[in-house]
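Everything on this sheet refers to the single structure shown next.
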Amino acid sequence: MLDVLLTNLLSPIVLAFVLGIVAQLIRSDLSFPEPLYQALSIYLLLAIGLKGGAELSHTPWSAVVGPALVTLLLGVVTPITSYVVLRKLGRMDRVNAAAIAAHYGSVSAVTFIAAQAFGQVQGHSIEGFMPALVAMLEVPAIVVALMIAFMRSNHHGSWREGLHEVLAGRSIVLLVGGLIIGYLSGMEGLQQVAPFFVSGFKGALTLFLLEMGLVAARRLRDLKKAGAFLVGFGIVMPLLHGSLAVVLGSWAGLSVGGRAVLGAMVASASYIAAPAAVRISLPEANPSYYLTASLGITFPFNLTLGIPLYFALAQWIEG
Amino acid sequence: MLDVLLTNLLSPIVLAFVLGIVAQLIRSDLSFPEPLYQALSIYLLLAIGLKGGAELSHTPWSAVVGPALVTLLLGVVTPITSYVVLRKLGRMDRVNAAAIAAHYGSVSAVTFIAAQAFGQVQGHSIEGFMPALVAMLEVPAIVVALMIAFMRSNHHGSWREGLHEVLAGRSIVLLVGGLIIGYLSGMEGLQQVAPFFVSGFKGALTLFLLEMGLVAARRLRDLKKAGAFLVGFGIVMPLLHGSLAVVLGSWAGLSVGGRAVLGAMVASASYIAAPAAVRISLPEANPSYYLTASLGITFPFNLTLGIPLYFALAQWIEG
Amino acid sequence: MLDVLLTNLLSPIVLAFVLGIVAQLIRSDLSFPEPLYQALSIYLLLAIGLKGGAELSHTPWSAVVGPALVTLLLGVVTPITSYVVLRKLGRMDRVNAAAIAAHYGSVSAVTFIAAQAFGQVQGHSIEGFMPALVAMLEVPAIVVALMIAFMRSNHHGSWREGLHEVLAGRSIVLLVGGLIIGYLSGMEGLQQVAPFFVSGFKGALTLFLLEMGLVAARRLRDLKKAGAFLVGFGIVMPLLHGSLAVVLGSWAGLSVGGRAVLGAMVASASYIAAPAAVRISLPEANPSYYLTASLGITFPFNLTLGIPLYFALAQWIEG
Amino acid sequence: MPTVTLKLVTIVAERVLQERLLRTLKELGARGYTLTDVSGEGSRGVRASEWEGHNVKIETIVSPEVAERIIEHVAEHYFQHYAVIVYAQPVEVVRGDKYV
Amino acid sequence: MPTVTLKLVTIVAERVLQERLLRTLKELGARGYTLTDVSGEGSRGVRASEWEGHNVKIETIVSPEVAERIIEHVAEHYFQHYAVIVYAQPVEVVRGDKYV
Amino acid sequence: MPTVTLKLVTIVAERVLQERLLRTLKELGARGYTLTDVSGEGSRGVRASEWEGHNVKIETIVSPEVAERIIEHVAEHYFQHYAVIVYAQPVEVVRGDKYV
């Protein structure tokens, strides 16, 4: 267990994240130009789509149906549990509770990628269709959370624009587009572009996490504004959601690696798709709350401690 | 034949182009930051130059002379045929006809690259000096077309600035510069940088074509302004020029793959070098015409249907 | 010897630098978007750090101590020799002499990288801890030079801001951060990201040197302002410092390749860390002097002639 | 060369509003705009999304009446919940009919 | 601190004109300029080349006479065939002699 | 909608000064700023570092008194040794209390 934790903490990917945090704390002038950040995002999302699609192309549908249904279920349930906890225990107003729920129901693609990389280093073989599940998990939670908000309060934002923002948003287009391309062109097609999209992947991810560390550290200033409850929420909620997902995943027939990665996905909070949709649809929600919780607390927690825990749990269930 | 077409349409490279078009049509916010587009262009042009130059370094000159002469001939002839067709059949004014002729006489580097990638997947071995022919084909047509325009009408632009724009333009500098570097440092030199410039090539091209899809789809709005004649011109002219090139190429001793790639090159219309030169030299020409035709019609046509056709023709001639 | 020189001059890396110079001289519109330049810098610095750190992780400390002490010594001595020469022979005022001394005492990471690449092509095996020496060499000279300036004259700049600029500056953070990540995650960790950070390295360097050529050529205009003395200084000083470093390096037990690379490092003049620190701390110093000397004279000199010379000397000492 | 005095209206807003603002400008009568990527700080520290990037600056030259309408619209619809500022300046242009 | 009122002339043009415009500014008496990458829309939807990128914005602080000359030149040489706008505003500067 | 006239102060400076200038602006009473990456040429051809990139343009809307203070500060501390210009213009804003 401690071994596993150490492997994770000492991988270049996680260390790059830590370097980003440190660089920001010592007020280094290191910063990524915005186009580099965007280029890395485009590359990473397309790459996981391509790989997942190519894998899907030789996977029997019967193997996918169970995990897919479980994923959709979790996409509907987790925003509701988040909302209820925030309202009842956190005494948060409706709009902010719904906004945060949208983030915790949806998924962080980077956490997913890191979990997968971690599993590979640990020697797990992970189902190839996991990226398809990411795409499935991203959207429903945002829809559910916005529905809650719109049912219960007067609002200023636009429901339809928010939905379009998610569905036609960059991350979905790249992920789903990549999946389809990978599926249609198959393993042979993937082979053509593998040196770029497969071999280079973990290195590009390292660079990306360096930038994520810089970004997350900038958020740390806002922790005080977020308050103690939100800090606890940002650690406990992932553990609950993640455990639930590991259990359901194993029940749906996923391998040890697969269910652990599903756990990390469900435990993660979105900070790309959800913020954009929420900002459009629920402008009166305070970004300090949802961005700080998802990017400043839950993301680093999952990256360093959460992922090894979900793997340990997945292994333990296997018996 | 249908097989060949399908392989092309289902390669990740072409599918990425389609994804770009779709993303634009559903009004996704996916867009490439300009520096990423420029970085990919610089990389691709330098890479094809390097590879071509290294190949040239161990090719006997006698093998190159014939194809080079044919290429130069085509570079002079195709702008004239284009101009005549546009004037006589299209009843287009002199300036716009010359502007479009400059584009159709010159060459699209991306179409060339896609044709070469297609040939490799099909198992053809293509002459290593083809990139040198691209550089030879790019310039003369633009010069010829501008000469026509300047002989026949009063003009506002500057002839010399336009020429400098082409000769010292980025694409020529990178392509010719890459050729010379590749030639001087040889296969050994290329080996040093091969993981970056050779292995990564097709993946980077996939990313680039995603962006080209976004760009081409934006052009589609202008199709109405361009009119039915130009749409037909943008499909038929490449077929004529391409067929002519395939025939002459086979006559000059090029292999099946080589003559098909030459066909694709000659059939293609420039949308990088020519627009810049024409905008400087013939500012009164309407960019809606020449950009829409070359980027909105001919480029997608060649990418999806044209390339397989030139290969089929090349094969058929071989008997 | 001439052979060695030719190999260097004809490597794609050096030829790309020459292409950049030529492109600028023919007034091509080729230019790198700033984010691409920054992305390449981040990548290169992190990559050499990672590799160096991973190597360090399996190097006995005893092997490192000697070279490290020699490096620190050179970091203190070379700014002083530079300052004295500039004051006595060049009759330069104190502030400008100190500013230039900071540059020539510090180190150019790109020159280091080029020297290492050159050594590898020549078949030398170079100590893995050299990047650690780069980090050690970068800072002291700047501190020493600024101390000289601040002791001897009234100044307008801020000493502490200048120091922070160097220590928390991008290059140190990336280099030292990379070293630590590489050290902690070891050769196994490096393996995970090797296709990106190791295989791609020389190609990325080629692209970077193309840009450096463009930048250096822009400096050439300033040569007249710099004057004949500074041109001579920019060629002779590296030879002296480089030779001294080769001798001391061999004395400290470095291999032929290692001492030659140390020579190139010490001979090189900073144009990233030093200019930023000097601009903050000694604003009254004239950038035309220090930038032109380091970037317009010493950098190209080392890249083309210097590096092969340090290798020849290193070999010759070996006997 | 005869010059006319029109209004240059500048809006600095978080990126998420870009599309909506440009659509609105058109509806309110602006005939063109110029867009710059910027960053900045103001009363609201936080911007919506790191992936979205920072702020945009939208500049449009319009008649004084249209300027008034734009400012009013932005103030009414965006001031409360979004990070946005708007200001106006007189500018002299030639070809004044191009902008109105 | 004594301030002087000069003219800030702004040109927004398709990128292909950048080099020519900068050369012209110098010839007409401008002593400096500031350049920003921008995008935009106006009466001409289409820009010359996708590879060229979008528009540039050139700002230069000059004396009123030079401002007049620049505006006239741009209007005369570029308005008909190129996507370009130009406008002027008064600005207060210190060190006024730097700009004239 | 009631508008107030305030000052828009623009500083164009080499990048190395960015952090210091922003800190100073805050100290002198500015409540916000907008930052743009620009390039440019002026009396000093040379910028400190290629790695640093080019210039930054800092725009801040402030009261006339703060504007005066900013201009004076920049002139006094930076004009001699750095590549920097500063200028001011009146602008009309709504929600004028936001800026003072």
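As written, the chain order gives the labels A, B, C, D, E and F, with residue 1 at the start of each chain.
Basically, a residue touches a chain if its C-beta (ideal position, glycine included) is under 8 Å from a C-beta of that chain, and two chains touch if they have at least 3 such contacts.
This one's a predicted model, so the numbers in the text were calculated from it and none came from an experiment.
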In the contact graph of chains, the distance from chain B to chain E in steps is 1
To get from chain C to chain E along touching chains, fewest steps?
2
Enumerate, in label order, the chains that touch chain B and chain F alike.
C, E
Are the interface residues of chain A and chain B largely the same numbers on each copy, more than half shared, or largely different?
different
What chain lies farthest away from chain F once each centre is taken as the mean of the Cα atoms?
B
Cα centroid separation, chain B vs chain D, in Å, comes to 40
Gap in Å, rounded to a whole number, between the CA centres of chain F and chain D:
20
Compute the distance, rounded to whole Å, between the mean C-alpha positions of chain A and chain D.
35
Can you compute the centre-to-centre distance for chain A and chain E, using the mean CA position of each chain? Integer Å is fine.
46
Can you tell me which residues of chain F touch two or more of the remaining chains?
36-37, 89
Shared-interface residues of chain B (touching two or more other chains) are 29, 33-35, 38-39, 170, 195, 199-200
One finds touching chains in the pairs A-B, A-C, A-D, B-C, B-E, C-F, D-E, D-F, E-F
Interface with chain E, chain B side, in the complex: residues 34, 37-38, 41, 156, 161, 170, 215, 222, 271-272, 275-276, 279-280, 283-284, 287-288, 291, 295
So in the complex, which bits of chain F are touching chain E?
12, 36-43, 55, 57, 68, 71-72, 75, 79, 85-89
Spell out the residues on chain A that touch chain C in their complex, using ranges where they run on.
10-13, 15-16, 19, 22-23, 26-30, 32-36, 39, 117, 121, 195, 199-204, 206-207, 210
Write out the stretch or stretches of chain C touching chain A in their complex.
33-35, 38-39, 42-43, 46, 50, 164-165, 168-170, 173-174, 177, 180-182, 184-185, 189-190, 192-197, 199-200
Quick one: which bits of chain E touch chain F in the complex? Just the residue numbers, please.
1, 3, 8, 31-37, 61, 89-95, 98
